[in-house]
């Protein structure tokens, strides 16, 4: 009975998605650990890291899709939430270095030593304590999103204006984190991590574990998102997206609905960032750069907005392209490719890859119940 | 595909390289054996492309010339170019790709400190070699990295000494202006400590930081002007980075700050940057480097000649980081030839002590701390965008990884030969 | 009545507008408009374009704040100018727009579901009762407006007239004290128009209704008191025949 | 001190020269050989001595020689064992005789360092005080002011006697005062007078001089100096305030210039044009190319390259704009957020295109003579470059305003943007108007590029530095309202500059951004928003 409801809720495409993720989660570790390098089934650690990175991006994309695809909040500042989560994790990892920094200082991270800080800034207190750090992973982006959203939605800043001030938000943070006086390592950011919960971040085992965790996190995110969008709350979100003032006249407090989804989306982005940092091994202000946030939006657009699966797919496709195009003779063309893709997607397939797929399918089956249709 | 494009270029470039074999256009015959791959990790797009692209080209040229000479250990050298696109995580990803996928024997790359910091863990984990060609803040010495750019003591401090000298104009009052990131921060800390030690009063030092790509310099330049009118000879030490320099110098020129009144000595402005500025108003302002294109000697002239040929552009300029790559590459080649293999560990252990001629007429040496010896030159900007060398150190200055002017690092030293440690604490007599 | 100072008890009217004025960038859209609607009354509002019909709706539903005047609801107990759209909707005023606005990408049933009376908070929507409403409740309403067979179709696929009806269905689902219906029969066939009139009269049995309409036949069919607005204030009020024969009305509106 | 010694020498020589001025003119005895040999030695020490000797020689070509030396036009030739110089026009002379001669091929310019440049200027100063060219006289007076050499006093006096130009007179007097006050042997009374004279008109340099002296001075003199210092400082403070405002205005004008184009494409058409910055960038590159052509073909007209670049930039970027509109944007009307993505893609493509075409490094765009240097205006340091940009910006702004209000095209543009269907039914070719509007916006961005090439990098990244600021300006000002854009640009500019001294450049910018975000909460549609039913749906 319950499972039935679950299946209904996830609907076909979602199941495929979850199945694929499960497959990855099982096969990649086996391929990496069980098969020796050289074996055709071997998955190099490099690939594990790369996939892990993609998955965190996919999470960010799903979060963004929740706000944009379903509620029409086009945030050009989601990179900021991602980065904040990342910094929270990074600060924990920095504190774990302990005396193993090049200066062997018991408390202070290296960059603080050579900028001769005398003691640990208050912002860093408690980050050596993992649960606190994890709490901040959620709170930092969550609170920012709450305050920002509360102001913006209450005063009915919508559409373009909202997008632009979210951009201003991430830009301001971008500049702020570059300042060394902020005490977050300035341009160099946080790096040279040693271990997480006592496990060496470089170790193969740790990497694989992180990968598995990321898979689980993405699945969790997806399921939660599905539950949300298929509840009445989700229906109201779509109503807001399609006809905001009409929804108001039905007696819905649009600003509350938006605020909830925005904060939630920000927190998911934060978690994604937190998983991202230990895998790529660095977090630096450039994660706040407006271009990054826009790129994330593009992932969603490419995959198909308003279809959670599509968002994840888009993140994968675009980032794989990036990896592929930035090697060898292709290097000088990859910006053309990326730019071209954006234009192509917006012109040729406004509903993204999945949308296109639906249109083709739509000719045969009635599309009313498909999420792809919902996103129209 | 990659290889294709480069071997084709190879023929051409080598021919320009002017090797006897090539004159006839015959391909050199390589002994059996897979080519030796060399990674090139420089941003070709994004904000840093402005500086890094030429470094990629110089590496391609060097590799071609080496191939023209018959390659290395009778094997052909093959360049693997990747574009980290000025995106720091991507640097790490690409480094991993170069090492574990393309199996490169050494990598030449990075410009900003953060890009180096981002790839460091990868090079350590996968144990490979990185040659880092840019002047930097020091405070680092890693087993897998060889720093061919200047450490602070090979650039900043001699420059200040010069400005204090009679010929430098006996500066008494100092403005330390920099972009707000680690290199300027550290350099300025070192300089401040040094100046105070030299008896400069605290109120005679003004420190100012600006963001990357800062474009509106009106206020700061006029502040400098004001600061400079306290009746003491004033000099500006600029660690302003890349893009921000052009508007800065344009503003200096417009507000009529002449080098004779307030000289500005820059650590990040070379021929490349000046190429973007009309230098007539800037004549007499200074730069401190370990190499200038205008240095007169046969080695340098030959290099410039082949570079211009390679770029098919008679206006192409050379600069300090390019020289660093030249030195680094030659050192690597020598080391490989010496041990007769590209085995990473062997090469790492052989490199210290290896000598290679630099382009300023001297012979640089790789030190146990993985930094090299370099001369320090002070150049004055000329009207034509080149520099006149007005002062240079008698002999080569050894690069010091850990400066003696900072609290944290004065007891540290790096030695990968005897101590096998990058941060040996001489007080506690232990590593790290 | 315009001299009365309003307040609780002074009026039994469900809706009481007195001396209401509003202007956009100098242009006076409504000037000293006064209008009273009794409990359970149905009122038709006619008037040329720019007479201020829709602006009046905006004021009542809290979309536009009046510069001056009183807007009282429910026997003068509630001052509508102090609430926003959502609050006013919850107080029991439903609105159907001139241009039918339904949630195109939702199914017809979901449109009604969203309109159904009940707690409107995001969390009740996430976990609360809203997720388990009996479908027959919805079907009953859809049946009223003859959309039952379309319940699963996306509202976007409906014809213009059907959309109009869906909006009315949503009003019914809201079950408000007062319905504001803006041009319900625009783009309807005569048959549909007739049906709509009947539907409205039926609704009027247990709701107060204000209908804005141009179609005089329709207005006539409603058999209710008529108010003609002109340049933001009441020009004439009374039975359809009285208003239709009023000279001023004829010259500004009906024409000769 | 050695400098002073030698300058004293010059002074005497000069006085003699003045007495026998007509005689000196014809007299063309060659310079002593040891001067030449010293120059040939090419060591800074020798060069310094040589300079002194040249100045003291009283030879007629001395001034020209030193001038040449200062501009790297004085050459030594090892082969000819000779010393040569070129005049401004490039004509060669034998320095020894001052007679025209060809400069040998192997000749290399005499090297200087900053200290020597100082010496040369000082020497030139005293030599050119009587030059017929007012600019030279001014420069001379200034360098005397710096060197404060008592021996130059008679020359100054004489120059003052002849001088008619008020501005130069003033500088002469300052220089005179400077000499007297610096001369410890001068009677105290006159020194005090000098001090107060400097206080009258003195600026930073005067301040520097007085501060320097107040250390050694004693008694009354000290107190007078102190008080004059205060007078100047007070004046400087007021000027500082004015200066800040001016900086704000000029920053504002840059913001405005960058934003006007966007005010059209985004503000009027509602296209979130992320490629706007690249339009500016293209404009800058057009300027670069124009200058290249001028350098190659007609260098003497180089100053005209900018005025000519303006229409070119407008046309070229305008065309690019039209292409983008026809090729991409026209499919996206009514879907603003999609335009954001598409134009972002376009911007990436344009950037990379320029990068692979012109290379990633900065390109040089030199400042024409009328845009370099600065002047004093009621004590404010105003640089010509900035002034021109402010003026230019306002011209562009009002021209655009006129175009929108007064021309048929403008009328049609507004018609189309306000009610497309109505406009179409009135027979306006809306598609054409769309293309034109976008082209116009882009073209103006291109013009902005011409101006920005004067103060910023001409590199593929140029546009990136302005795009966000431009959006902020337009949104803050109120979308679709040119006046709003104007006011918001200057507000932001000045606010930024007022904050900078306290908060520093970065923090200042951050504060502005945060304030902006908060402001949008208060007025979701910017400073000058339209009200009424029309805009609410």
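Order of writing sets the labels: A, B, C and D. Residues in every chain begin at 1.
Note that a residue touches a chain if its C-beta (ideal position, glycine included) is under 8 Å from a C-beta of that chain, and two chains touch if they have at least 3 such contacts.
Predicted model only: the values in this text are computed from it and were never measured.
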item: Of A-C and A-D, pair with higher C-beta contact tally; value: A-D
item: Longest centre-to-centre distance from chain C, chain (CA-based); value: B
item: Separation of chain C from chain D, taking each centre as the mean of its C-alpha atoms, in whole Å; value: 66
item: Interchain centroid distance [CA atoms averaged], chain A/chain C, Å; value: 45
item: Computed distance of Cα centres, chain B from chain A, in Å; value: 36
item: For chain A, residues that touch 2 or more chains besides their own; value: 175, 178-179, 245, 332, 335
item: Two or more partner chains touched - positions in chain D; value: 352, 506, 509, 536
item: Shared interface positions of chain B, touching two or more other chains; value: 44-45, 180, 209, 211
item: Interfacial residue positions of chain C with respect to chain A in the complex; value: 61, 63, 84-87, 89-90, 94-95, 97, 101-107, 110, 113-115, 120-123, 125-127, 130-131, 152-154, 156, 170, 174
item: Contacting residues of chain A [partner chain D, same complex]; value: 74, 148, 151-152, 154-161, 163-165, 167-169, 171-172, 175-176, 178-179, 245, 290, 294, 297-298, 301, 332-333, 335-336, 338-343, 345-347, 350
item: Chain A residues within the chain B interface of the complex; value: 44-46, 49-50, 53, 99-100, 102-105, 110-111, 113-116, 175, 178-180, 186-189, 191-193, 202, 280-282, 284, 286, 322-323, 326-329, 331-332, 334-335
item: Footprint of chain D on chain B - complex, ascending; value: 44-45, 47, 49-50, 53-54, 166-169, 180, 209-211, 213-216, 218-220, 222, 225-226, 229-232, 243, 246-247, 250-251, 253-256, 259-260, 263, 272-273, 275-278, 280-281, 283-284, 380, 382-383, 385, 388, 390
item: In the complex, chain B residues that touch chain A; value: 1-2, 5, 44-45, 80-85, 87-90, 92-94, 96-97, 100-101, 112-114, 117-118, 120-122, 124-125, 139-140, 180-182, 185-186, 189, 209, 211-212, 406-409, 412, 422-423, 425, 428, 432
